[in-house]
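Pasting the structures here.
There are two complexes below, and they share chain A, which is joined by chain B in the first and by chain C in the second.
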Partner chain A sequence: MPRPFLFPTRITPPVLPIIQGIVQVLFDGIAFGMLLFVMSVGLSITLGMMHFANLAHGVFAMLGGYVTVVLMHKAGVPFLETLPAAFVIVAIVSVPLERFVYRRMYSAKELDQVLLTVGIIYMAIAAAAYVWGPEPMAFALPDYLTRYRDIGSFSFSTYGALLLAIGTVITLVIFYGLERTRFGAMIRAAVDDRRVALGVGINVNRVFTITFAVGSGLAGLGGALGINALGLDPSFPIEYLVFFLIVVSIGGGGTVKGALAAALLLGLCDTAGKYYVPQTGAFIIYVVMLLVMLWRPNGLFGRP
Partner chain B sequence: MADALLHIENVRAGYGDAVVIDDIGFSLGEGESLAVLGRNGMGKTTLILTLMGQTNLVAGRMSMRGVRFERSPSNARVAMGLGWAPQERGIFASLTVEENLAVAARAGHWNAARTFELFPSLAERRRNFGNQLSGGEQQMLAIARALMTNPALLLLDEPLEGLAPIIVEEMTRTIRKLAAEGVGFILVEQHTQLALGLTRQAIILERGRIVFKGASQELIDDPSVLVRYVGLRGERGLVPAAPR
Partner chain C sequence: MTTEAQTTKAIADFRAQVRWQWYEPLFWLGAIAWYFLFPTYLPLGTQILCAALFALSLDLILGYGGIVSLGHTTFFGIGAYTAGLLAKHGWGEPITCLLAGGALAAIAGWICSFVIVRVQGVALLLVTLGINLVLYEAANKAYTITGGADGLQGIEFWKLFGVFDYDIYGRVSFVYTLAVVFVLFLVARRIVHSPFGLALKGMRENWKRMPALGAALRRHGALIFVLSAAIAGLSGALLAESVQFVALDSLGVQRSVDVLTMLIVGGTGVLYGSFVGATVYMVVRDQLADLNPAYWYFWIGLILVVIVLFTRNGLVGALSDATDWLKRRRGGGTAS
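So, the complex of A and B:
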């Protein structure tokens, strides 16, 4: 499924098309980056903590999308009100998966972890196709989110503004939680040195389960928020896997700052590429990723 | 001795398939202290890690106040009363001094205020991150963090290693102070004489087995055993043994 432009651009002719373009790309790119951050920050933290390669992270994002669509279509719940449900339901679903499946594999070889999580992806794809059908879900944003707001000679989509607003709030909450609370310090301690964390009495398993659930919930929220930009069909977890992996590898596992920087970079490059060089635009992100990885093999904020 | 503070017997443990310590057994009462001596690589740290549940335990029993714990995870052992200050210190680099203490905190006598009283130089650094501390400060923080768990038994793995003499003195005073307050401890040390002066009992490990078990005073009175198993390097930290 070819991915549409994130936000159909609507350039009003008269003035300064270059600046307009730049502003448009910045706005859309940052909004898209925020969306990617919300979707992948959980993967970054859990990877840093358990060194578990959860390639199936996108399954949670997809599930969030389906929660939203089903609630809207079957129960008539307004879009915005489905978002907390997408977060909560996905968070809850993720707990037994972590407890009973993933936990056995934390000390397994990476290849085994990859095989397991790829297997989960394909099971999820099959299950989603069975329940909701293989076709992309029909989805329409509420009217007020399809409008554009003109400021001077620039015009901004309200949907982009929503992504920015929610992304900013979540970023602030995550930073506060991680940097200013005791629970956040426990997460950082477990990322720094899991054995010592256990040895000073931190119940790393419990801390991890909660972190995993919140991270999965955020992926679900991102999946729900992003249906308009990313589409929603059963192949979602494979289609966007590379985005999550780019965010985590460019950012460096276990750092929220890194995930944020990487997600914004990815959002900006992807948007700029599709805007300025539509033919090869989708390719740009891989070039950027390659360059960053050559420059800093452990990611922007990764530890050696 | 079901009601000893710590009782272990026939303990055999190592890493993966390799057995490093074998047939280890001893008992410690409440508030008692034990020196663990031996040359490099003889298994001292492995013994401590085994108590913390971080090695592969092949055989043996371990109990705390009569409660078996050899199958419990590390964090449960901390809840039972083991407080660990690792040899490599293990300070969490991305946590401040205060946070390093807070994550370990359990209700009891020791809280941040009291540990800062014990280590005033840490108090000045409370907002610094773990990776901004000197070696001596890291060691103090490792002990302070172990105290925050309000342990019945502290496991100190070479707390004096690599410290400047003046800090060694300060740490020695601190350990003595803790002992006087009734905190039991196991002290792994290369500064043999110092360790013997601080403890009531001692064991010597030689290739993972106990070759001496007895009163610390015995080794002070008759150093021939020490010379045989630990060598003269123990004299490095020669300091008059404290009167007990």
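So, the complex of A and C:
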């Protein structure tokens, strides 16, 4: 990946006791993993439900980022208040795309799905460059998120803490929603067996549209939250494509648990690699990904 | 129809498929005509030929073997870097550099094939992409050998056959590239029309039934993967020889996606699809990039979406559909 990919909670004194290093890596890695989870959980569920390989998922994340930046710069809306807007706007935008383009391709071959979504990525990249310019967006976090808080001999960034908090809340809501609500049961039924779900009277298409919209909205929210860590420019959907794919494939399509585990694993491996062996770059995550794919081609939690 | 008659008919059909069609010589005459018609566009022509050969190598695994790869540029890059590094360190004989590029890519393909034939679907995309990314990072970090992000500079190839020097108009490299591409096209054509090629098509159509017929699925898959890797390596080496430079992005994910796009625009599983697609893609890029460098990807994306949504198999597929339709209209609905 062209961009050095460091999570910004790195106020680390030059020489660190080993424990402090471990704590920092854990904190950074889990915060980053949570961000990845929020961005890619929608992709995991839609892949499991419709077996649709939507490589254009990153487009939604990018759009969320631009919504936030535009609202902040043009309308002066505070950062935190732009986040719900990023979620809602992206979710709304995703609905017609699903209804009129993706729905035609659910029974198509995997290759066609890949190509269609690659085409959409290209169009989105060019469109974003046209509207917002090809350069990375200037973005500054509000003051209270750039500070660090010392607890004992550790220093935690408030931004990282915000990611952790939002990620945890969203994870809990998703688990509750999937396991305890009627709609969640419908989603699980549709993932398990689409035809039987149709047979018992579940309107799978409607369930799917809603799930897709929520998943895309979450990607938008993640993109908005992550601007400071990931940056924001038109090539975002391609640059982070491999991260989404890793989360989904290592976790296994259709499982929230798998996506969460994979996102945390990826966040931790990436952060630990950057921290302890910076000269290897992104090697570590790619090698881990290859090994997991060879060991379990359906992902850690996937069903064969 | 008796079994014997069926067999005879099947063999006749097979022969008819293998026979050279009227448009095939026409196509290659067109390629030669490029030399005389567009003398100022010879470097573009050379690049189109290299890209087409690369797309052809992808077509062998994708269009015939049904193996979808998101990282085929692994082998293209290996070929390019092999030729480039040889030339940089004192051995610039074009033909041997070319062959070395192909050979090393084939070896890499052979090593990868053990993994490739064991995974399918999204996992296959990930594994091919992952191998590519690992290699990209390696080339990026091994700055002292590969020049890292600056690319491999200062390479110079010797005269072709010790006689023809690479000229600035790209005449020699165009003719040389065209000759190599034609020979490799013949090889690819022979492969896909052999019984082995038929087994591959069976594998693509139904990979569960083929083993039941006694086909060694994994061995076929591995073999075509190695052949495809070799041709991809040769195309990379050819490009390195014609531009006398190897960029790091010859290993980049973008190139894998580009070549996939070319192949799809042209059409898979028809050999000429890769040539049509590469020509359209490169010419469109050449023209649009002049007009408007930042946004030409929009049009490529649109072409891709339209082709996937509305055609059966790229431009070649659309063309053959159109001719079938015309035939049907003229023949009063008798043809299939």
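Assume the second predicted complex is superposed on the first by the 287 of 304 C-alpha atoms of A that agree within 3 Å, B and C clash if a C-alpha of one lies under 4 Å from a C-alpha of the other, contacts with A are read in each partner's own complex, and residues count from 1 in each chain.
What we mean here is this: a contact is a pair of C-beta atoms (placed from the backbone, for glycine too) under 8 Å apart; a residue touches a chain by one contact, two chains touch by 3 or more.
Quick caveat, the model's predicted, so the values are computed rather than measured.
Colleague: Look at A:L245 in the shared chain and tell me whether it touches chain B only, chain C only, both, or neither; answer first, second, both or neither.
Modeller: In the superposed model, A:L245 contacts chain C only, not chain B.
Colleague: Would you sort A:L111 into first (chain B), second (chain C), both or neither based on which partner it touches?
Modeller: In the superposition, A:L111 touches chain C alone.
Colleague: More residues of chain A in touch with chain C or with chain B?
Modeller: Per-residue touch count on chain A favours C.
Colleague: Does chain B (first) or chain C (second) touch A:R182, or do both, or does neither?
Modeller: Touch status of A:R182: first partner only.
Colleague: For A:L290, select first, second, both or neither according to whether it touches chain B, chain C, the two together, or no partner.
Modeller: A:L290 sits against chain C, while chain B stays out of touch.
Colleague: One more residue to check, A:I120. First (chain B), second (chain C), both or neither?
Modeller: second
Colleague: With the two structures laid over each other on chain A, which partner does A:V200 touch: chain B (first), chain C (second), both, or neither?
Modeller: Once the two structures are laid over each other on A, A:V200 reaches chain B alone.
Colleague: Does any part of chain A touch chain B in one structure and chain C in the other, and if so which residues?
Modeller: Shared contact residues on chain A (touching chain B in one complex, chain C in the other): none at all.
Colleague: Of all residues in chain C, which touch chain A in the complex?
Modeller: 62, 68, 70, 115, 118-123, 125-127, 129-131, 133-134, 137-138, 140-141, 253-254, 257, 260-261, 264, 294-298, 300-305, 307-309
Colleague: Can you list the chain A residues touching chain C in their complex?
Modeller: These residues of chain A touch chain C: 47, 53, 101, 104-105, 108, 110-112, 114-116, 118-127, 129-130, 134, 238, 242, 245-246, 248-249, 253, 279-283, 286-287, 289-290, 293-294, 297-298.
Colleague: In the complex of these two chains, what residues of chain B are touching chain A?
Modeller: Against chain A, chain B makes touches at 52, 54, 73-75, 78-79, 84, 86, 90, 92-95, 99-100, 102-104, 106, 130, 145-146, 148-149.
Colleague: Sort out for me which residues of chain A touch chain B in the complex.
Modeller: Going by the criterion above, the answer is residues 182, 185-186, 188-189, 191-193, 195-204.
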